[in-house]
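There are two complexes below, and they share chain A, which is joined by chain B in the first and by chain C in the second.
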Partner chain A sequence: MKSLLEVEALGRTFGSGKRTLQAVKGVTFSLAPGEIVAVVGESGSGKSTLARLILRLLSPTQGQMRLEGRDVFRIPLRAYWRMVQAVFQDPYSSFNQFYSVRRLLQKSLGLLGPLSSQEREARIRTALQSVGLEPEGILGKYPHQLSGGQRQRVMIARAIMLRPRLLITDEPTSALDASLRATVLNLLKDLRQEQGTSIIFITHDIGQAYYLSDRILVMHQGEVVEEGPVERVVEQSQHPYTKRLLSDVPRFHG
Partner chain B sequence: MDTLLRVKNLCAAYAQGGQRVRAVDGVSLELRRGEVLGIAGESGCGKSTLAQVLALLARPPLWVEQGELWLDGAVYPLGQGIHLPRELRGRKVALLPQGALNALNPTARVREIALEVIRAHEPKTTPQEAYARARERLEQLGLPSRVLEAYPHQLSGGMRQRVVTVISTLLNPKVLVADEPTSALDVSSQKAVVRMLRKLLEQGVIEGVIFIAHDLPLLRSVADRIAIMYAGKVVELGPSEELVEAPRHPYTQALVGAVLVPEPYIRQKRVEGIEGTPPDLRSPPPGCRFAPRCKYAQPRCSELEPPRFGGEERFAACWLLEEVLA
Partner chain C sequence: MNPLLAQLLSKGRFRLSVGILLLVVAFAVLGPMLDTRNPLFAVGGRYDPPSANAILGTDVIGNDVFLQLMHGLGTSLKIGLIAGLVATAIGVLIGTLAGFLGGVVDEILMGLTNVVITIPTIVILILLSVALESRTLVSLALIIGVTSWPWTARAIRAQTASLRVREHVDVARLSGAGTFSIILWEILPYMFSYIFMAFVLQLASAILSEAALSLLGLGPDNTISLGKMLQFAIQGEAIRTGAYWAFLPPTLLLTVISFALLLLQSSLDEVFNPRLRRA
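Up next, the complex of A and B:
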């Protein structure tokens, strides 16, 4: 299958001279259309830096990326962000607190260029409904009037509304209760099912990666130390780091 | 087994603009000597409020309205205007807070923080004595004593939380109330903190732990018994294994069902979250507070509050159990 995204020897170094820190080192992988890949690692493993590199919020110091065969860095940013969208950990901080939900979503639609007002309204409503929110009740609300789960659903609705080819989610459920995590992950599953969106799911929680993704990349100190289909990585992990990570997860049943 | 701490019919409320929001409503619990008692529930279920009250740290706008505290052999009535002896706090009961970075003074070295904590209770302690005590405790727990010289920001998140654990147990409190102590940590650091709590128990530094968390797999691994809270009330209690393997309350069943762990059964089905949100405690629903979200709810559930069915050891408050357990 032709890949959607190809990442080749991607790296990012911070600082200079003696005080350099290589946050991401020679990361290479590809992502097929409609595939969900989880990037798993501890705090400081470089997984969020990788997300920022792919989103082009940060420029790499080494390596290349191609989206549908095109050099990513030759695609104008706005056009790139029409295809690649993100959902972050803390919906509160990525939400302008003076904007109502309607205004936030309308502003994001601006990325797509001119649309008729009916088209805008229809897209907004469909997106909210698809994440289980009732548009009437929610469009006029401000972020502080929403619960954490609702805020995160609004952020997912925002991403869905733009119909990106690739969605990057960086710890989207960390700020949520366990009772809501499954709901949010199911939204991502359905999104892939219905729109064929590829997803890069960044998490420190192997349980969630195991539930949601097709493939796992395990990151440690900036490098991908193990990669493979979820079942293989979880059930027969090879790298000592992956094994340790798994053995530190508390057993739930038995 | 003998009781270390017990609360009976504890009620605590936030007074907010002339309005009272009762966040802990009639909670009775017992912590036994040598055990870890887990308390779980969603955000807003009252578990952190309970932690504040149990750690004897309730202060306005949080008021303890009523209840009875039984602590290490003595009984204290609780209520507005009743002041507990000051020496209980820190000596008999200590709090291990969630955000370790926020709990530590950023401009003080760890040893200065340790000194301050010891001196607050034993004013005559010399710095040398205090440092020696802190050093000894660190070594006893397998931590490098050089952390004493560090500032909080120089330590990793996991190490910081372990250091806070050491500091909050320097005075050998009987009971340690740990409020989400590992929620901000990754699994490896989480495990280190949990191991350390177990060690402190084994070494007899502390005699019991109340461990509050929303993460059931973690609680299953650390706690001997688990109490489930919903909207200010304890809805189910039981030995950890039983509670996870055979939950009785529909809320506990839903919580257990929503857990995502790397175990094969997870990939074979669609895991469902719990629809809806916990009730607004300014006007809690009548009857069972979970009824509006419960898929088994019957008419009487929203009229009459269910009593506890079962015994002291293992109970759940749900009408469904009436026939099964009567």
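Up next, the complex of A and C:
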């Protein structure tokens, strides 16, 4: 299958001289259309930096990326962000506290260029409904009037509304109650099912990665130390770091 | 009611400072409306003590001190307001650009800021007073404003640098927002209270700068200000001759204004900066 995203020897170094930190080192992987890849690692492993590099919120110091065979850095940013979107970790700081949900979504729609107001309204409504939120109740609300779960669903709706080819989710469930995590994970599953969106799912929780993804990349100190289909990585992990991550997962049976 | 506003109103310091400032402004605005005499017109002799004719006495050339105080206060407040707005606007512009863009832009703008900090306002004023035909209220205010923005720029830069790494800024970028749109809609609203506090401090310092410059004879021409009253009192040897009514009222008024503005700033700081909140 032709790949959607190819990442080749991607790296990012911070600082200069003696005080350099290589947050991401030579990361290479590819992602097929409709595939969900989990990037697993503990904090400081470079997974969030990798997300920011792929999102082009940060420029890499080494390496290349291709989206549908095109050099990513030749694609204008706005056009790139029509195809690649993100949901971030913290549904509280992802919101500008001064603006309503309607305004947030309207602003994001600006990325798609001029649309008729009916088209805008329809897109916003469909997106909110697809994450299980009632548009009437939610559009006029401000962030402080929403619960954590509602906020994260609004953020997912924002991304879905733009119909990206690739969605990068950086720890989307870590700020949520356990009961809401499954909801968010299922939303991501449905998104792949219905729109064929590829997802890069960044998490520190190998259990969630197992539940959601097709393939796992294990990151440790900026490098991908293990890669493979979920079952293989979980059941026959080779790298000691992966084994350690797996041993941290609480077991309820077996 | 807005909880922050309620919290502010419950603070004695806030109510006291706002009360004083309202009285001061009312004195400057309503005073000249009620008493329409020209403050630059003599009503008596040299240093007449307070009397029914002039309740705060007269100054060295026989002008009514009370009348001069009303008009001089107005001039000082106008200069403070214009200079404060100019300084805050320049400081916010430079600070947000430096803090948000970082890198080379940051270094250039902060370099410029440090250069301006080292130039004393008085040197620029002396040079300009030679160059200008006459110093007006506005030109003096602009000069004070254009030389006093650097501290605001530094503070705003620090705030911006901490705000720009928030996730909502990333969300805005991913939504296609440009630099100016992000500064305007994602950064500035979060700093609104901070900017207002910076403006209050700039206002207080500009009023004092006017007094200092006027005292040195670099005040605005053809008008009266609190600083010019002090200049005339000193030149007219009011202190040596014991004409306390000529220099005490403008001095006290300047003290009261700065006191009230600093009190206002500290009460705002306590409400808007949670770390300073007392239990």
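Points worth noting:
Throughout what follows, the second predicted complex is superposed on the first by the 253 of 254 C-alpha atoms of A that agree within 3 Å, B and C clash if a C-alpha of one lies under 4 Å from a C-alpha of the other, contacts with A are read in each partner's own complex, and residues count from 1 in each chain.
By our rule, a contact is a pair of C-beta atoms (placed from the backbone, for glycine too) under 8 Å apart; a residue touches a chain by one contact, two chains touch by 3 or more.
Note that the structure is predicted; figures quoted are calculated from it, not measured.
In the overlay built on the shared chain, the residue A:Gly26 is in contact with neither chain B nor chain C. Once chain A of one complex is fitted onto chain A of the other, the partner contacts of A:Gly34 are absent, as it touches neither chain B nor chain C. Once the two complexes are laid over each other on the shared chain, residue contacts for A:Val234 go to chain B alone; chain C is not touched. By the touch criterion defined above, A:Lys107 lies against chain C but remains apart from chain B after alignment on the C-alpha atoms of chain A. In the superposed model, A:Gly63 lies in contact with neither chain B nor chain C.
For chain A, the partner that touches more of its residues is B, with chain B and chain C as the two candidates. Of the two partner chains, chain C is the only one touched by A:Gln85; chain B is not. Across the interface of their complex, chain A is touched by residues 166-168, 170-177, 185-186, 189-190 of chain C. Chain B meets chain A in the complex at residues 42-43, 157, 185-188, 190-191, 214-218, 220-222, 244-245, 254-255, 258-267, 270-275, 277. Taken together, the chain A residues at the contact with chain B in this complex read 42-43, 147-149, 177-186, 204-211, 230-231, 234-235, 244-246, 248-253. Put simply, chain A touches chain C in their complex at residues 52, 55, 57, 77-78, 81, 85-86, 88-90, 93-99, 104, 107-108, 110-111, 155, 158.
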